[in-house]
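Each of the two complexes below includes subunit A, the first together with subunit B, the second together with subunit C.
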Partner chain A sequence: MEQIDRSLVKRLQEGKMTRREFIVTAAAAGVSLSGIAGILASCAPTPTATAVPVAPKPAGTVAPPKPVVTDKLRMKLRSSFITEGNEVLKVVAQQWGKENGVSVEVDLAGMGDLQTIAGTAAETGAGPDIVEVFVNTPHVYAEKLADMSDVANELGAKFGGWYDLAKEACVPASGKWIGLPRFYAAHCIVYRADLFKQVGHDKPAETWDELLAIGKKLKEKKLPPLGFSLAHAVGDGSNFVYSMLWSFGGREVDKDGKTVVINSAETAKAIDFVRTLFQETMTPAVLQWTDAENNRAFVSGEVAVTNNASSIWWQARNVQSIVGAPKNAVDLFNGTQHALYPAGPAGRLLFTEMMSSIVFSYSKNVDAAKAFLRYLNDRPQMDPWVQANLTFCTPLLKGYEELPLMPWNSIPPLRPFKAAAQYGHLPGYPSTNGRAAGEAFNKWIVHDMFAKACTGTSTKDAIVWAEEQLKKIYK
Partner chain B sequence: MQFSRLQRKILRGSIVYLGLAFFVVIMLFPFYWMVITSIKPDVELYLSKQNPLWVFNPTPQHYIYLFQKTPFVTWLTNSLLVAIVSTSVSLFIGTIAAYALARLRFRGAQVMGMSIFITYLVPTTLLFLPLAYIIRNLGLYDHPVALMITYPTFLVPFCTWLLMGYFKGIPKDLEECATVDGATRIQALIYIILPLMLPGLVSAGLFAFTMSWNEFIYALTFTQSDSVKTLPVGIVAQLVLGDVYFWGSLMAAALLGSVPIAILYSFFLEYYVKGMTAGAVKG
Partner chain C sequence: MQSTFQSKHFTRLQRLGDWLNSERGLGYTLVAPAVILLLGLIAYPFCLSIYLSLSDRLLAVASSGRFIGLGNFINLLDDSIFRQSVWNTFNYAFVSVFFKLVLGMLMALVLNEITFLKNFFRGMLLLPWIVPTSLSALGWLWLYDSQYSVFSWILLNLGLIQEKIIWLGSPVMAMLSIQLVNIWRGIPFFGISLLAGMQTISQELYEAAEIDGANAWHRFWQVTWPLLMPVTLVVTLFSLVQTFADFQIVYVLTRGGPVNSTHLFATLAHQTAILSGKLGEGAAISLFMFPMLAVAIILQLRYLQQRD
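Right after this comes the complex of A and B.
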């Protein structure tokens, strides 16, 4: 085994094998996942990456009984833009199936497709045993889901407790865990430090007002503008509009989960600010931006600031690493920095893209699904996956914050992503009425309120429109 | 001003060919864009200050990724299989249904014909939930047969509706002559009517095949494994990851995915055009 290990590592180090090929081959050769994680860390492309401490196996634990699976255990999980991370998931699932003598089928899909699949499964009572769903979605299917409290409490106790955000997603008023928080995509402001310097700023903006001032200077100097999606972009667009609303003190609904409170002076301030930011600093294309468009615009050098997970940095790094890449690609990557979201008058509050694993109670494999999720979320399986995903997939467990293997601890440009979940909230905050909040989110009410205000509707009319829409939901 | 005959000819030819050239450019531009995007290196896709309509350093990397890192060939095979089976089944059912509705005089034929047309207009997004119940009860989730039996739900009404028009366009006398000569109704249909209907059958078949080929929502919800997925679902699942689109490979997949359709159309173009214009020249 050691020999296989060494030959594989050598090929990986010499660049004769991609990281993805390494994961697949090493797993097939019987190398443990923690071993794979360690090797990947030692061969990481960034010079600052450190070796991963292999999580020790708890001593003296009694092996649980093997799970029983009818047919096969099917799961639909969210894909990451980093294919090595996806490979880890597949390897983990197959390894668990092999260890337990059961058939496992793992399929990866995008966020939108997962929502459709979960909806169909909930309506028809057929489909995968485990599905990963976005933000408040577990609340929408609450009564159709298996109780995950035992697994959630166990993991919480083992790994430093859950962030409040995790509870917002998976714990309704009943106090029962209806889903298992799986990961969040840590978000930051992505900006061009080289362009900031040209307008006299050595540091990123601490507040939204500061960012507005920087944006105006960029525009005056005819440098690339700012860009935050004001369209139906489920990830980056939601991050922007909800974060703006909350950071200025606005809320959709009160804590009771019934009273619509969007018609407030705070919401009006948020709208007025976003309109100014849009008119004076942004590219008008943001009104049509999907989640992919801000990546493309930033990596193409069309904008100087946007909000995103680590995918822009990853794309810029890939483009400049191509042999013969032009100087502008290298300059762009070197100038790309991350920063915490600026604070608003009410503080720093972020909409957070997160996924939870849900198990439908129609499944004949509820116990096996729970056993698998316990295994999947344990350190030996979690570590290589988290490490490969460069903060795009981060556990919602506080115990991970300081681990050296976390990309934000091992890769300096990713440091600002650290523990972003502490600022995170979900639609409907501060209420626990996740079902209504999920519906409001799916109808893009907050997104459209801001977009309307930026395209000619008065602040008052945009708020009244949103209030009417929300009242139909929070009846 | 007087134009000579030659000048008039040149003028007319110029207008015709300029018009045609305009439409050819419009029609072919998406394919051109797919081709150049699929062979552009990432640096040119994102950061090139050169002409975006040209490729300066073509690369096969996106095609290599497509064939080596994704089960593209499996998806293509699945799409072909599902499209061929569902189109054949739908054409068969559509032909006999259209014949019955156009030729046989029975009570409610007109209402039924209209109902079939209305069924065709119901969007698949409304039908996929009830169909999902049926698929679950049949135990066909994640099986290609699930698609082969659900696609005819929108293909049969379409084929029936299209073919009804063709049946009505063929004089009844031909069929009656065959019957006088001793042919049964089925024989008259097979030996007399269907050969005359060939352009119509080709048109309906081509449309049905294209609709199966492009279908997304049923394929997304009724299948799960890579070994069962069809091309549109497979491409989106593996080449759109989070907010990162693998544009080069996406365009390579879209381009290669359009090849079977292009081949079919080029083979049956003559029939297809005849089929399309059949209704226009009938008095």
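Right after this comes the complex of A and C.
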């Protein structure tokens, strides 16, 4: 095994093999997952990456009884933008199947598809056993879901407790866990430090006002502008508009989950600020930006600032690591840095992109699904996946914050992502009316309120429109 | 014992044989599979959607599903997003169909004149219509990309514009952009259908018109247009029905944005029923299309019957 290992590593280092191919081949050759992750990290094409200590196997775990599965265990999981993570995930799932003599079917899909799959499964009572769903959508299917409290409480006790964010997603008023929080994609402001220097700023912006000032200077000097999606972009767009609303003190609904409170001076301030930011510092392309378009705009050097998970940094790193990459790609990567979101007048509150695993109660394999999820969320399986995903996928358990293997501890440029979940909230915050919040989210009410205000509608009319829509939803 | 069984069996077979021998029996038997398919795949979902539209059924909530009469429809009329979608759908369908008809007619006239590589051109021009819409829409997504749009690149390099065009960013541009895709996709259907119609027009009529001194313009309006009218009407109505119910182009390109300016009945129904979990309301949205499509279909059938 040592030998296979070394020849593979050599091929990987010499660029004769992609990282994906490496993971698949090494796993097939019997290299342990934590071993693979260690090799990948030490072969990372960035000079800043340091070797990652391999996770120790937790001692003293008692082997659980083998799960019984009817037919096969079928799951639809979220695919990561960081493709190495997906390979690790597939290998882990198949490994569990092999260890337990069970056939496992894993499909990876995007957020939009997963929502349609979950909706159809809930309604027809047939389909996959496990589905990963976005933000607070578990509440939409609450009635059809198996109780996950036992697994959630176990994991919480074992790994330092869950963030509040995790409870917003999976715990309705009943107090039961209807889903198992799986991961969040930590978000940061991605900015070009080299361009900031050109306008006299050595540090990222602490507050939104400061970022506005920097944006104005960039525009004056005809440098690339700012860009935050104002379109129907599920991840980055939601991240921007909800975070702005909350950081300025605005809320959609009161704690009771019924009283719509969007019509407030705070909401008006948030809207006025976003309009100014849009008109004076942003590219108009944000009005059509999907979740992928801001990545492309940043990596092609067309914007100096945007909000994103670590995937932009990862793309920029890949582009400049190609042999013969143009100098501007290398400069762009060297200038790319991350920063915590600026604070607003009401503090720092972030919409957080996260997924939860739900198990439908129609499934004949509820116990096996739980056994699988226990395995999937245990350190030996979690660690290599978390490492490969470079903060794009991070558990919602506080115990992971300080582990040396976490990418935000081992890779300096990723440090600002650390424990971003502590600021995280979901649509409908601070209520727990997840179903109504999910409806408002899927109808893009908050997104469109801001987009309207940036394209000619008055602040007051935009708020009145949103209020009218929200009142119909939260009745 | 055995003999009674055999005779019973025998009489059954004989009865079946008699049934199949009669003209009526055979007819019903042969048409049965098609009827079962229609009932299962069209009638059942249709009745279910009528039931859903009259109820407050929520996705994945067993206790929901109270009969609320026309409640969903009345609520919808009061909803600004729905009213906007009605306007969007009419705008999308009528503008697209108009241009598909004009350009399709042009395509048919040109193809009718071409003799060089005739089949090659006919085949090539059918392509947009043959490629699955969701795939071609993905191609258009790249053509409309805010950074990498080929259109913007060409216009920039020709010096016709100073900045890249934001194709899907403003309500007006986004609607025009999706209409362009629909028109691009639909022209071949019009072109080929009208071409088939043109080839049935007797050449003698054109010769006679020419002798009377009619130029090309007159020949089109006095001969081709009136004789082509039946085909044109059927194709237009058919396309109108299809365009009204369009889903894929909008779903792939804009998801109804910006600010709901490109939501059509079908995409709004999907968003409401599947994503937001309001099955009843979603069904009501898609049934709003029904009266309009029914009128179109009745007109079409009437016309066909009159011709017979």
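The rule is simple: the second predicted complex is superposed on the first by the 442 of 475 C-alpha atoms of A that agree within 3 Å, B and C clash if a C-alpha of one lies under 4 Å from a C-alpha of the other, contacts with A are read in each partner's own complex, and residues count from 1 in each chain.
Note that in this section contacts are C-beta pairs under 8 Å (C-beta built on N, C-alpha and C of every residue); 3 or more make two chains touch, one makes a residue touch a chain.
Note that this is a predicted model, so its numbers are computed, not measured.
*Asks:* Just subunit B (first), just subunit C (second), both, or neither: which does A:235 touch?
*Replies:* After superposition on chain A, A:235 lies in contact with subunit B alone.
*Asks:* Is A:120 touching the first partner subunit B, the second partner subunit C, both, or neither of them?
*Replies:* both
*Asks:* Quick check on the superposed pair: does A:342 touch subunit B, subunit C, both, or neither? Answer first, second, both or neither.
*Replies:* Neither subunit B nor subunit C is touched by A:342.
*Asks:* In the overlaid three-chain picture, which partner chain does A:296 touch, first (subunit B) or second (subunit C), both, or neither?
*Replies:* The answer is both, since A:296 touches subunit B and subunit C.
*Asks:* May I ask you to decide whether A:181 touches subunit B, subunit C, both, or neither, giving the answer as first, second, both or neither?
*Replies:* neither
*Asks:* Should A:380 be classified as contacting the first partner (subunit B), the second (subunit C), both, or neither?
*Replies:* neither
*Asks:* As a test of reading the superposition: which chain, subunit B or subunit C, is in touch with more residues of subunit A?
*Replies:* B
*Asks:* Where does A:110 make contact in the superposed view: on subunit B (first), on subunit C (second), on both, or on neither?
*Replies:* The answer is first: A:110 touches subunit B but not subunit C.
*Asks:* Give one of first, second, both or neither to describe whether A:74 is in contact with subunit B, with subunit C, with both, or with none.
*Replies:* first
*Asks:* Please identify the positions on subunit A that touch both subunit B and subunit C, taking each partner from its own complex.
*Replies:* 116, 120, 123, 296, 300
*Asks:* Spell out the residues on subunit C that touch subunit A in their complex, using ranges where they run on.
*Replies:* Per the touch definition, subunit C meets subunit A at residues 59-62, 75, 79-81, 144-148, 164, 166-171, 174, 254-260, 271-272, 274-279.
*Asks:* Considering the complex alone, what residue numbers of subunit A touch subunit C?
*Replies:* On the subunit A side, the touching residues are 115-116, 119-120, 122-123, 140-144, 231-232, 284-289, 293, 296-297, 300, 302, 435, 438-439, 442-444, 448, 451-452, 455, 465, 468-469, 472.
*Asks:* Which stretch or stretches of subunit B touch subunit A in the complex?
*Replies:* 41-43, 46-47, 49, 57, 69, 128-129, 132-133, 135-136, 141-142, 217, 220-221, 224-226, 236-238, 240-245
*Asks:* Any idea which subunit A residues touch subunit B in the complex?
*Replies:* Going through subunit A, the ones touching subunit B are 20, 74, 76, 79-83, 86, 105, 107-111, 113, 116-117, 120, 123-128, 185, 235-236, 291-292, 294-296, 299-301, 308-309, 311, 314-315, 318-319, 322, 324-326, 328-329, 332, 392.
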